[in-house]
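Should a chain be cited, it is by its letter among A, B and C, assigned in written order, with residues numbered from 1 in that chain.
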Amino acid sequence: MSKILIRGARVLGGEPQDVLIDGGTVAATGAGLDAGDAAVVAAEGQVLLPGLVDLHTHLREPGREDSETVLTGTRAAALGGFTAVHAMANTFPVADTAGVVEQVWRLGREHGYCDVQPVGAVTVGLEGKHLAELGAMHDSAAQVRVFSDDGKCVDDAVIMRRALEYVKAFDGVIAQHAQEPRLTEGAQMNEGVVSAELGLGGWPAVAEESIIARDVLLAAHVGSRVHICHLSTAGSVELVRWAKSKGWNVTAEVTPHHLLLTDELVRSYDPVYKVNPPLRTEADVQALRAALADGTIDCVATDHAPHPHEDKDCEWAAAAMGMVGLETALSVVQETMVETGLLDWAGVADRMSFRPARIGRLTGHGRPVSVGEPANLTLVDPAYRGPVDPTGFASRSRNTPYQGRELPGRVTHTFLRGRATVVDGNLA
Amino acid sequence: MVPVDTDTTDSSADSSGAARPVLEAPDIARVLTRIAHEIVERAKGADDVVLLGIPTRGVYLARRLADKLAEITGRSIPVGSLDITMYRDDLRLRPARALARTDIPADGVDGRLVVLVDDVLFSGRTIRAALDALGDIGRPRAVQLAVLVDRGHRELPIRADYVGKNIPTSLRETVKVQLAEEDGRDTVLLGLQRPVTSGEQ
Amino acid sequence: MLRLPGASPRTPGHLISAADLSRDDAVLILDTAEEMARVADRPIKKLPTLRGRTVVNLFFEDSTRTRISFEAAAKRLSADVINFSAKGSSVSKGESLKDTALTLEAMGADAVVIRHPASGAPYRLATSGWIDGAVVNAGDGTHEHPTQALLDAFTLRRRLVGADQGTGRGLDGRRVTIVGDVLHSRVARSNILLLHTLGARVTVVAPPTLVPIGVERWPCEVSYDLDRVLPTSDAVMMLRVQRERMNAAFFPTEREYSRRYGLDGDRMSRMPGDSVVMHPGPMNRGMEITAEVADSDRCTAVEQVANGVSIRMAVLYLLLGGNEPAVTHSRP
């Protein structure tokens, strides 16, 4: 395997140094390394991060290849600086058997843009009634450790308890999509001042918070791990903070869009802003940022949710929920966390690589940039600023809420085990 | 440019500085008196006359004429207003306009001699619209037209039965009628349309 | 016309929300409707004003009353009217709103009057670029029904101020109470916004389950006690309450609802002498209103229907009666 010398990059935002990649691992770091026969990447002024890890991606394959495939989704991931993504289970068929998760995992391997770590369904068909074969999925080639019915809440308390208990046998984690179903029947957007004016069905914060409260208590009771998907309210932050203060094994993620956008945008009735959980208020956004900064929220997860154009080019109620996010995640985090002074680049590395890898128990990702570690690396130019242009997305879908919005930062290179998947901002 | 009917509150004349009065208050009073007498004479006592003013200034003129007719005949003459906005042929040339009041005297217009009253007769299009509007309201015995000023330049086969003053004009000129009820004073001003292209000083 | 106060984008040339209307706009519409109402008293109830214009009534929800009101209004102005009833499972999906819009655009619709079960559908239609014509919201989901609010304000102004005396005026200082299912009512939303714009003081009365979270930012007061509000109400607007709400636990029983929030003769007698009772229809007699009240002289339900045609004529005229709408926005 060829050698690559990254010249003058600020590792995790620190002092400039050189990083030599050889044979899929970091071979040397330091100032003024001799390039020798290595290809040189001039990275002065750029920040070198460990390859980003997404705990929450919808790749849509199998079943909805019109919106995304493993190939297009992993290309998008690579362009966004990711070297590993967790593919959610709500495909058709649902990823509730060893066969489906192995297929998705293998497709990721074959395409080679980004590792795909399948998430297994908690219950058969995401129906919340019978546990899926969690052990079989874990024992498969995909080695599933994260289980989620994402898109649907495991609302039955007994099923949730059993799932939490069961995965202890193989150090799994249940990633809960916290949404009390009865409180969100017909819900279209955050319940509050804006929903009252717009006449859109309200999605109360309490529908999320009540499930989180229950699940952290359940996790504590059975001594297992629970991970809260896409936390969206200030109240949820308080609950997670409280659970962590008790020493319970609770982790949480926030999406980039919940760090930036509010329900005021829904006044446009443009379904590009329709997402689950819904965009909340400015107060919630501020609480989420603070929680990500202080570590109450462990990580950023994209909840990349591609949808074909026709599912968004319609009236609000008829539209699908979700936004694409892989290719804009790092820019939004830079905008909301770095440029606000809430996180430094080492913090970004922690929240977008180290911690999500740890929650997913990935061994080859989320490692420090040091000699002997796998060369999963992302190089970002933080000085770049420009409008988001969805026509350039590798994702098959264009449902981004950021079209035309000016955001900072640009991933210039991504390396997966020492091989460049992105060079100068383009797929290698 | 499309000629502008001067029954609208066209302000182009006052700003030009060139506007000069062609009728003053006493002249206006005198011509209205004359028109009133002509109506009585031609309508043989004016006992079936209904006056309908075309908003805005035509309505005030109609009321003044009604007062004069009452003085002459000793009877009160029915007077009303007829808004022609929704019958205009130039609706699509300008933004939608606010409507004025159409107020038909209680006994209606059927079988009556309706005298339409307007301030300026120009292209004739307003009167065409008024005739259409009138047709939807009833069937008068006959319709006549009284105007304070006839400035010429007809675009339709329409003429006035009673004219306060004929003022030959060029299309570049503007005629602006001001009445005390609306404008605080009675006068008719002749001005020049401000050229569109020649720049400001 | 404007959209909601605050951050809303503008939708000039359309009527989407009562909040789009400045006081001057609203008074202009009411004054224009007053002139239109006079046409109804003439032997020939037709005006040539919109000859050659095409108005499409695009109804994704059954509402014969609203549709025929718009149809009568457009026909009295000599517009060509096309009724497009798009209700039914195959066309009730989002994609068909767009495809239907493109069809209407191809047919040269100058205005689209839309009724849709999804809140915001008229706004989407007006801002999506699918069509060029004017969009008039004839009721969208649980959002708004601005022409209903306009006809209600028109009815109120005629009753409380007078048809002639009211011209050029609003409803300043009048106290209007709106009673019932405010949560699901597009009529209530539009009325609260418009009545406030016209200077009226609005109070909504409902069981707390039927008042939306976020109501504190609305320009109205909220009460749960009808009896306390009635003696100071110049007008009471009773909203239709759907019996199905009972099954979703918004209130225990019909009997309890009508006992606490229904208007009967006894309650009506405690209202000021010249006050009026309004209902947008169709009425649930025995539920929110008793027959005694519905059939009394104070009840304006039938007048509201007649006034609906005048208001819709005014709106269509002001939107289509020129080369650009008369009401284009003035709110800063």
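To be clear about the criterion, a contact is a pair of C-beta atoms (placed from the backbone, for glycine too) under 8 Å apart; a residue touches a chain by one contact, two chains touch by 3 or more.
Nothing here was measured: the structure is a model prediction, and the numbers come from that model.
Q: By Cα centroids, which chain is closest to the centre of the whole protein?
A: C
Q: Taking each chain's centre as the mean of its C-alpha atoms, which one ends up farthest from the centre of chain C?
A: Chain A.
Q: State, to the nearest whole Å, the distance from the C-alpha centre of chain A to the C-alpha centre of chain B.
A: Centres of chain A and chain B (C-alpha means) sit 75 Å apart.
Q: When the centre of a chain is set as the mean of its C-alpha atoms, what distance in Å lies between chain B and chain C?
A: Chain B and chain C have C-alpha centres separated by 39 Å.
Q: Distance-wise, how many Å sit between the C-alpha centres of chain A and chain C, to the nearest whole number?
A: Each chain reduced to its C-alpha mean, chain A and chain C end up 45 Å apart.
Q: Which stretch or stretches of chain C touch chain A in the complex?
A: Against chain A, the touching part of chain C is residues 3-4, 6-9, 93-95, 97-98, 116-121, 123-124, 127-128, 140-144, 186, 189, 212-218.
Q: Quick one: in the complex, what on chain B touches chain C?
A: Touch list, chain B to chain C: 83, 86-87, 91-102, 132, 136-138.
Q: Quick one: in the complex, what on chain A touches chain C?
A: 188, 191-202, 204, 264, 267-270, 310-311, 313-319
Q: Once bound in the complex, which stretches of chain C touch chain B?
A: 28, 31-32, 35, 38, 42-44, 46-49, 77, 317-326, 328
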